[in-house]
């Protein structure tokens, strides 16, 4: 009589083999040079290990060798889809160290720019998310409208992606002629378009099947992983630095903090994260309307720019709401013209770290969906 | 009923200068003469369909599409036919590309893979008529022949995916095999329904029946449902969105064709568009009256007087079947550029838990319908 | 809760953990030994409830000086903030990992390890994160010297026109 | 003309069948098998069994062969799908068996008094097959379908069972 052990010894155990898939750094839907090492059992993913750093450009090392104002173009290149927000938050951190107040007009322009940037960034996120689940047309719709935001930026400061517009203490240029009118035209044009995205993508049955109940991120896990921005709000946490820690002049505007509500499945699924972005664009439009109405006509945008930036010894941690979440700068100054240490706490870095938690157990197709719903930008993760 | 091949053989056999018993020569000549029009048709179809796909997608995406490349100095300008030479330029580029074979690939199978897929599509055209008597070879098991031959294509896809020695390709091949085998069933079942009603597997008989009665799309609610199931499953069989999981570009890079380039890749491309044409032609013939004029079909459906000239006749037939097929191809493109993609398990769900039960029930109900009303 | 109150609260439970700081400093300084327990306290204490680790920054006080880590904590419930600093010797300095308390720390600690060479004890997977795995040295240390070659590729030293 | 085509098909069957047994790679064997099955379908056509030919292609080429390739692909590692050739004694024994089989079969072929019937042009077998299946062979047909149903249920049950 043969025992089971003998059978095993003679023939080996029949087992399924795990396959290691290497997704990226060159892959259509890793949104840059991200590499995911995926262990799969058939189509089911058992674990995901992100490998980052393919876009590491030594931002923090650079900062230690540049003066404070020279850092600003480098912040552009970190999150290249939300350069205005990066400029804004970095400049505010340095201003806080220096104790500079900026004029009303500068604050308004900064808010306008940041909110336009948020629309542009969310448009890209929404469009590429459609691409990730296989819908190609929403992508071009979003890019059509993003183009108009970029045109506004180009009109303002000459650059379409990397602006270097918001400076410590002020701005590089005043607003060009008729900017207010063009911006107004844009938001009037743009607001109805949000419904267009909803019609083509958000309420599409297949899209809901693909994203609803997929990659559910519970609120506690999101907080523990330091997720922020739409990723955190998609899980139902009402947390927005613009409302909860008002910086700049955000306390003057009336807007809603959008949270996910589990409409198409569980709370915190990919659909929620996606839809938070879509609705946030509407809120940004609301802020833009108010800001454009309140924008002072006159004023010098460069009057508060310091001649020499030498913050006193000390350190500061300042954070603000970039389109991707809490963007923080931890700056240590030793009283010289160059920062002693700049640490950028990038939202996408923390948002990405949650992927194994919410992605394991889903299928390969879902990994792409989940990754898309996190809306990462590798320039910011790798810095 | 004569077919192209029969006429050719008769013609060649009757020629005075052809020696007696020269079966080999006649065989080869007939094969070549038969293959040429099919090949030309496939190439032309791919070219036109690619151009159409580009323009349709551009139209749906608020873009212009190809606008620059003219042909023979003719440029359409900023009109619909602008960039008319784009596909020619693409084809030339594709054929001029380096044909790479990965070092670790199984060379023989890597090369043979696309040709099996191509061969299947090619052979399928032999049985499909594009007008009354306009068929390469008229089989008396027409529908069954088409289903049988087109089921071979999947082997080409699997081999291509496996031989590439690339994990993405393997995934694409696995998905593709599962998908094609699953969707063959609803396709077959919805065709079975038509065969039941007509009592013949021949395409000509099916169209004749529709000429005498009415189009199958309007025949009964069950045949209309069968048309939907057939067309949707057909779209799935040719791997187009929302069923394009084997090549899902955002997940599997390019699925089973990841490692292919240049000429071999264009063979895949050609077959894909040929398969689209096959599905569209079959739907048109079986459910939409084939080469019958829609005007005549419409009036006969409602038993109206035949009072008008319905634009019927052999050449009008080719025109009508082309119009129907192009309309169906347009629907495929429309769907592709509008909807996202299903997940593999959802795709299987649709096949096994929606299409197949409905198709089975359909067979039963159409039987009752025919007994009571037929 | 103000810094002083937090200091008192922590000092009451772990009196050895606190290190005196300079006058007017806006942070708490701690010894690495008790950090894991203190972190647990900060996270779960009813009055403190620091549930968010906003930022974890490694820093270098300069050649010959200790390396440090600054933790910026925030409480979403109580809406107060805290900065904790821990400094360890330059060579072989070890800090208990808080990756199990705030999962944010998992990648941030890897980053600090990667760029400063600070070892976090008890970290589930302490590897380099941004730099290649075979990179030598810790680039953000103030005494870091760029290598001449990386995998046979010469590292450009002539920086004219760069600054 | 018919003879020429028949020769082509016959050569296809023999050559690919030879390839099936000699190929070192299982997937190559499977591909060669495709040629063989196709050729056999062609032979059916020459017997005026066109329906059977199509069935052969649908079931064997489109179904079973795909399953075979699938199985081979998934149970072997991608790069090392090489069949280990058996040892010499086995080959020798196999050779002996095959030799006697060959002798037996060919003697059978030459000794059988083949019946040479009149060449009858049939007009399709589909209707005949259909009628017979639903009248004379109804019981066989139903029994076979129940058997298949049981197999289907069994397969579904096996694949649904949890690991363990």
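Should a chain be cited, it is by its letter among A, B, C and D, assigned in written order, with residues numbered from 1 in that chain.
The rule we apply is simple: a residue touches a chain if its C-beta (ideal position, glycine included) is under 8 Å from a C-beta of that chain, and two chains touch if they have at least 3 such contacts.
Quantities reported herein were computed from a predicted structural model and do not represent experimental measurements.
A.B. asks: What's the overlap between the neighbours of chain B and those of chain D?
C.D. replies: Correct list: empty, since no chain touches both.
A.B. asks: Suppose each chain is reduced to the average of its Cα coordinates; what separation in Å results between chain B and chain C?
C.D. replies: 63
A.B. asks: Rounded to a whole Å, what is the gap between the Cα centroids of chain A and chain C?
C.D. replies: So the centre of chain A lies 24 Å away from the centre of chain C.
A.B. asks: Counting only Cα atoms for the centres, state how far chain A is from chain B in Å.
C.D. replies: Averaging C-alpha atoms per chain gives centres 44 Å apart.
A.B. asks: Just curious, how far off is chain D from chain C if you go by their C-alpha centres, in Å?
C.D. replies: Inter-chain centre distance comes to 70 Å.
A.B. asks: For chain D, write out the residues touching at least two other chains, lowest number first.
C.D. replies: Where chain D is concerned, no single residue meets two or more other chains.
A.B. asks: Quick one: which residues in chain B touch 2 or more of the other chains?
C.D. replies: Correct list: empty.
A.B. asks: What topology does the chain contact graph adopt: line, ring, star, complete, or other?
C.D. replies: line
A.B. asks: If we use the touch criterion from the header, which chain pairs count as touching?
C.D. replies: The complete list of chain pairs in contact reads A-B, A-C, B-D.
A.B. asks: Touching residues of chain B toward chain A in the complex: what are they?
C.D. replies: 57, 60-63, 167-168, 171, 241-242, 244-245, 248-253, 337-346
A.B. asks: Which bits of chain A are touching chain B when the two form their complex?
C.D. replies: Residues in contact with chain B: 19, 21-22, 27-29, 43, 130-137, 140-141, 144, 200-201, 204, 206-207, 209-210, 363-366, 368.
A.B. asks: Under the stated contact criterion, what part of chain B meets chain D in this complex?
C.D. replies: Result: residues 9, 23-24, 26-27, 104, 106, 108-109, 112, 116, 139-141, 144-145, 147-149, 151-152, 154-155, 158-159, 162-163, 165, 170, 173-174, 177, 181, 184, 199, 201 of chain B touch chain D.
A.B. asks: Using the touch rule from the top, collect the residues of chain C that touch chain A in their complex.
C.D. replies: 51-55, 57-60, 70, 72, 76, 79, 83, 102-104, 106-108, 115, 128-132, 139-140, 163
A.B. asks: If we count contacts the way the header does, which residues on chain D are in touch with chain B in the complex?
C.D. replies: 1-5, 25, 27-28, 31, 34, 50-51, 54-55, 57-58, 61-63, 65-66, 69-70, 73-74, 78-79, 123-124, 126-127
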